[in-house]
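Next up: the structures, one after another.
The same chain A turns up in both complexes below, where it pairs with chain B and then with chain C.
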Partner chain A sequence: MSEDKAIFGDLNRDTFDHQDPADYMKKFRKGISEELVRHISADKNEPEWMLEHRLKAFKYFVERAMPSFGPDLSKLNFDEICFFAKAADKKGGYENWDEVPEYIKNTFDRLGIPEAERKVLAGVGAQYESEAVYHSLEKEWKDQGVIFTDLDIALQEHPDLVQKYFMKCVPANDHKFAALHGAVWSGGTFLYIPKGVKLEKPLQSYFRMNAMGMGQFEHTLIIIEDEAEGHYIEGCSAPKYGANALHAGCVEVFVGQNAKFRYSSVENWSKDTYNLNTKRAIVEAGSRMEWVGGNMGSGVTMLYPCSILKGDGSHADHLGIAFANADQIQDTGAKVFHIGKNTSSKVVMKSISKAGGKSVYRGDLKISKQASDAISSVECDALILDPISISDTIPNIKVDNHSATISHEATVGRINEDDLFYLTSRGIPMEQAQAMIVNGFIHPIVRELPMEYAVEMNRLIELEMEGSVG
Partner chain B sequence: MILEFNSSKDLPVRHIIPNGESDLRVEVADGVNVVLVEAFAEDPAQSINYSHHLIAGKNSEVLVVTIQNLNAESTYSETRTSEIHESAKVRWLNIQLGAKLAQGTMHHHVVGSQAQADMDLICKADDQRSIQFTLTNRFTAPHSAGQMIAKGAASGSAKLGMHGCIQIDQSASGTDGYLRQDTLLLSEKASASAMPSLKIDTNDVKAAHSASVANVDESALFYMASRGLPKDDARQLLVQGFKRITWAFG
Partner chain C sequence: MTGILSIVGLQASVDDKEVLKGVNLTLKPGEIHAIMGPNGSGKSTLSNVIMGHPKYEVTGGDVQFDGESILDLEPNERSLNGLFLAFQYPKEITGITLEEFLLAAHRAKQKHLHPDRPGILPFRFQKLLKEKMEMLKIDEKFMTRYLNHGFSGGEKKKAEILQMAILNPRVAILDETDSGLDVDALKVVCESVKAVQNASEEPMTILMVTHYQRILKYLEPDYVHVMKHGKIVKSGEKEFAR
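And now, the complex of A and B:
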């Protein structure tokens, strides 16, 4: 297969689980306190309003209760997590890949990031622990006014833009983990596409947690002005230690009028990570927001990308894959709020449960009173690969406007025996036949990813399928 | 109160649900066929809290038809549970037309294999009425099947909530479960909510659900109007057609 030549062709589980030495961790403490929040802000030399925002968020974090639904989070111990750590001392990272410290470079080289940049991307960012280590953007786009940088840098260089939008889409008192994020956020991406600029190539950020018991709280702030277009890809991974790591990132997307934006993510945290992420977009009139996501890793995932269709004629697409292997709970879904007139949304989710894993689709669809002529369709398909795995589907639909047209469909089942028999009778080993069918099952979503990432996704599925025939 | 059926009945048996709180336990012996029709005393303004438990023996066939058309001052609440044994066939047909506040839970529990557990719910929510129903089909034995169909129309400033769940335990391989929920939203002030969920703990099963919320199809209205049917009549016909379900049993 052509996979051998692909950038991610050599990936295997060890590539992601590999630990690099983390001597720099000795100087960072575990646990969270107001002192730490002040320390982070001072270390970054932040403006006064940001410190106030952090302290307010910290107060919400202390006050708010844990989520009342979904997976058990009682094993998550905030005192054992390091909320802020720096591996490199250079602020905002390096612009030239060669300058990045060797031990960090090795990690990303192994993951194929700089190679992908040369081949398919317009720009790349890389974050190691709490701060960005590398950001670059092709000159062509820089000249057109596109800003693609680390959010810490953006806060220094474009304070007005950041202040105008920062945590306006996901307020810090939204829920406990949004509050935690607001208090200790560090690093992340700032992307600004000015009016009318259409990015032809995708941009990418890669987030890596390397040290044990690490928490990563990157903030991604994306502003798409009127009539602009763009595509942003996010990748994540962390080595496996057996101790709990926490990822509570936040993604905010503001899509202006008649604009188009696609956000893709391939999430592959190690299986001892709690991935409690918040992603939300506000979509103005005539615009289109697309979420494409693959959730492969993490022990516990709670992630429900949300689109607020504020403007008339706006549209949202949510495409997602979740793979729950042994000891994994993939609690994912989509939230869509129709507020403007003539808005439409489409949700397609595919989940796979294996070896006792549990996948959950949790959806929320609301059509508000003024949202006339809204159209929405939700489709969830689940594959359960063995008798001990679990799949739940919990969509919630609330309609307050009589002109809406809503449909929801869900199916749960196993791999078709006839298909398996057909493939095995042609000499394909059982394990490979199953992987082929699973790859076919998720194909409608994978094909939306750029080619190189689709290959990575397929490769990840094959890795997860290993040992499935006992 | 306990209703025991030890032999098959050719004619439907009638049960009058009294005002206030009441309890009914229906025990159907192995191999017995029964049709039970539930109706209400014709009193003004009732407040009913009814609980119904059905035990369907092996190879039995049971149809329970409930038509609730209480007046607009009444309130109605029901809890309906069942225990369905091997190869039994049970169907609940529940039609909710009246009362200002109607709420209920319908819960089939399939404990025997090769059984069939169906339920149909039809709700008409108009004026300022509020109807909330939760339907559950739970399977703990293998190779059974069940179908749940809920249809409702909301008009005026009514609120209509229909929630359904198919729950298949690990012990219930070979189950075939289906859930369908359709809601017509006919006026500006009416609102609807739907939560069709699936909880599946094993793999050798078929489980599907679908839900829709919509107004009557404008193109169908136009088609009928262009053939000379007044628009209001056409609308009424479409609503009637929507609510129509197959009444045949067995």
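And now, the complex of A and C:
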């Protein structure tokens, strides 16, 4: 109830739909080619190995077929997407917020980012179109060897670290969009937490697409050394244009031994965005990886954060919320591969479908032969708000070691008429009463977010619930 | 003779089964009325129909609040006008705390009464809520618990009266508020109801639905009605129930 809560309290549709003038787009062409891939690499002055990696990835992209499962992607036209565009030409972004161009600054101000930085964060990154515009990290953490910067800069300043880990967790030939990402990736986050350093406050990056028909391909590379701890939050948004935009980001997390890392994200791309994201973590012995995610936006989302429990005694938590409103398909889920002994995982997914929206839980759980005594529990709950909306659960479980303990629970429900009557009988309007019940439904997950983000999440739900009555 | 709440020849059905078969009842400001009668006589249906539960279909007659029909109003509009129903079986709502819920309800009411005033600040509301909780002897920790979630039967009934105290209705319907309360709790609840009634500028009008004589001792009605088979079959002044 303190005023901190108000950082994101005033968000409304206009906050996200605001469009900055995009004159800079005239310089950039649409469509993808080898020439473009070479141009991106040259523009960034990259080492030879990265150019080769990009070209190899581009070859995979051309060869690979579109995904054989999930939502229809046939309307996604690669020739209509701008794969690389820079608004502010400053390598790695500004370190001083005052130097960021005014209109970009205003956009992030409106989204509450600088205020959140002052109040609750240890560091902030902001990306606008293809490149970072700002990066900061508190001195305290810099002094302890933490690196938090734009990945383009990290490639220049820490080439060995980047080369050792880059796309080793998500290989470029993994699938068509990982390949595309490998070819045209730009910007993103590099986070390195050295051995034993426990970051007490979260770090955040915010990714903003502004221009029409934009593609954003930021790469997030996170290395958590042994016994280190950290929490990183990603936020994303884009205005609505009525033309397709594409987001194919990639998140790779390497969690060392006896370490702990949490990755949270609130994705709120506009409804004309294809959000085809790949997020994966490799977790070493005795460590804990936590994914907390909210997916509100995008027309089509395909996102299945993955934990590879490689080390003995490693653990993964996957907590997720998906909201599918009119014309949206939220095809989300979790993948967990148990490889080490005594590994455990917990998946809790909550989906809401409204006004014809479709939400799908797609799970993939594998217990490998050597993974003795694995424990896994999967719980997915779906709330369907009206008769025209759809929810689906597609769990895929493969067990090769029979000492495993596995549970899978799925529920599908509607908002109870008696509950609504109870709330409205106290003077609360129907729309707000429904939003309260939906917020209550997702509360077990939202409470895992820092308070300010929980408030943002609840506010986003209220925005989605607008116009749900009548 | 118009009352603040007038029920005129009210007929209602649920799943095509007629439950109310022409109920007539007039409550004047500040009066306390009790409706008694066996299970299935239509007492709770009457409460729900007055409040506007969508499950029931009104097939005849009228419900008038302050001289105007409220049958076309949504439940939240009826509440904003000053009607309150203390539920027989309050719903458990997870994910929203008692405090958050009541703040939302209080703000909706204030916005209706004083559209140009800003909403109450959370800390001021908390103070108000704490006062009312103290009056009802409800532990402060219930503020941060989910609405009715895991509350005992008695705690739920007390929480209903707490909601009434926050919303300050003009007419309160107490649907079997006494059931599930032990004698001490019943006393506290009845005293609180009276306190709310007397604190208002316009004394609150009360319609209580009950099985038992017990509550009538602590909350003395002006009139007692007996309901049977969806109709009021007998009415009398307070001595009548004894």
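Quick note on the criterion: the second predicted complex is superposed on the first by the 465 of 470 C-alpha atoms of A that agree within 3 Å, B and C clash if a C-alpha of one lies under 4 Å from a C-alpha of the other, contacts with A are read in each partner's own complex, and residues count from 1 in each chain.
Just so it is clear, a contact is a pair of C-beta atoms (placed from the backbone, for glycine too) under 8 Å apart; a residue touches a chain by one contact, two chains touch by 3 or more.
Worth saying up front: this structure is predicted, and the values here are computed from it rather than measured.
Partners chain B and chain C, once the complexes are superposed on chain A, both fit on it without clashing.
Applying the stated contact rule after C-alpha superposition, one finds that A:S425 touches chain C and leaves chain B untouched. Looking at the shared chain after the overlay, A:M436 reaches chain C, while chain B stays out of its contact range.
In the superposition on chain A, A:N106 contacts neither chain B nor chain C. Contact with chain C, but none with chain B, is seen for A:P444 once the two complexes are overlaid on the shared chain. Once the two complexes are laid on top of each other via chain A, the angle at chain A between chain B and chain C, using C-alpha centres, comes to 70°, given in steps of 10. By the touch criterion defined above, A:D400 reaches chain B but does not reach chain C. Taking chain A as the reference, the larger set of touched residues comes from B, when chain B and chain C are compared.
No C-alpha atom of chain B lies closer than 15 Å to any C-alpha atom of chain C in the overlay. Common to the chain B and chain C contact sets on chain A is no residue at all. Per the touch definition, chain C reaches chain A in the complex via residues 51-55, 74-76, 78-80, 84-85, 87, 90-91, 93-96, 101, 104-105, 108-109, 112, 122-123, 126, 146, 163, 167. Those residues of chain B whose C-beta lies close enough to touch chain A in the complex are 170, 173, 183, 185-188, 190-215. Across the complex, chain A meets chain C through its residues 1, 416-419, 421-430, 432-433, 436-437, 439-444. Note for the complex: chain A touches chain B at residues 382, 384-414.
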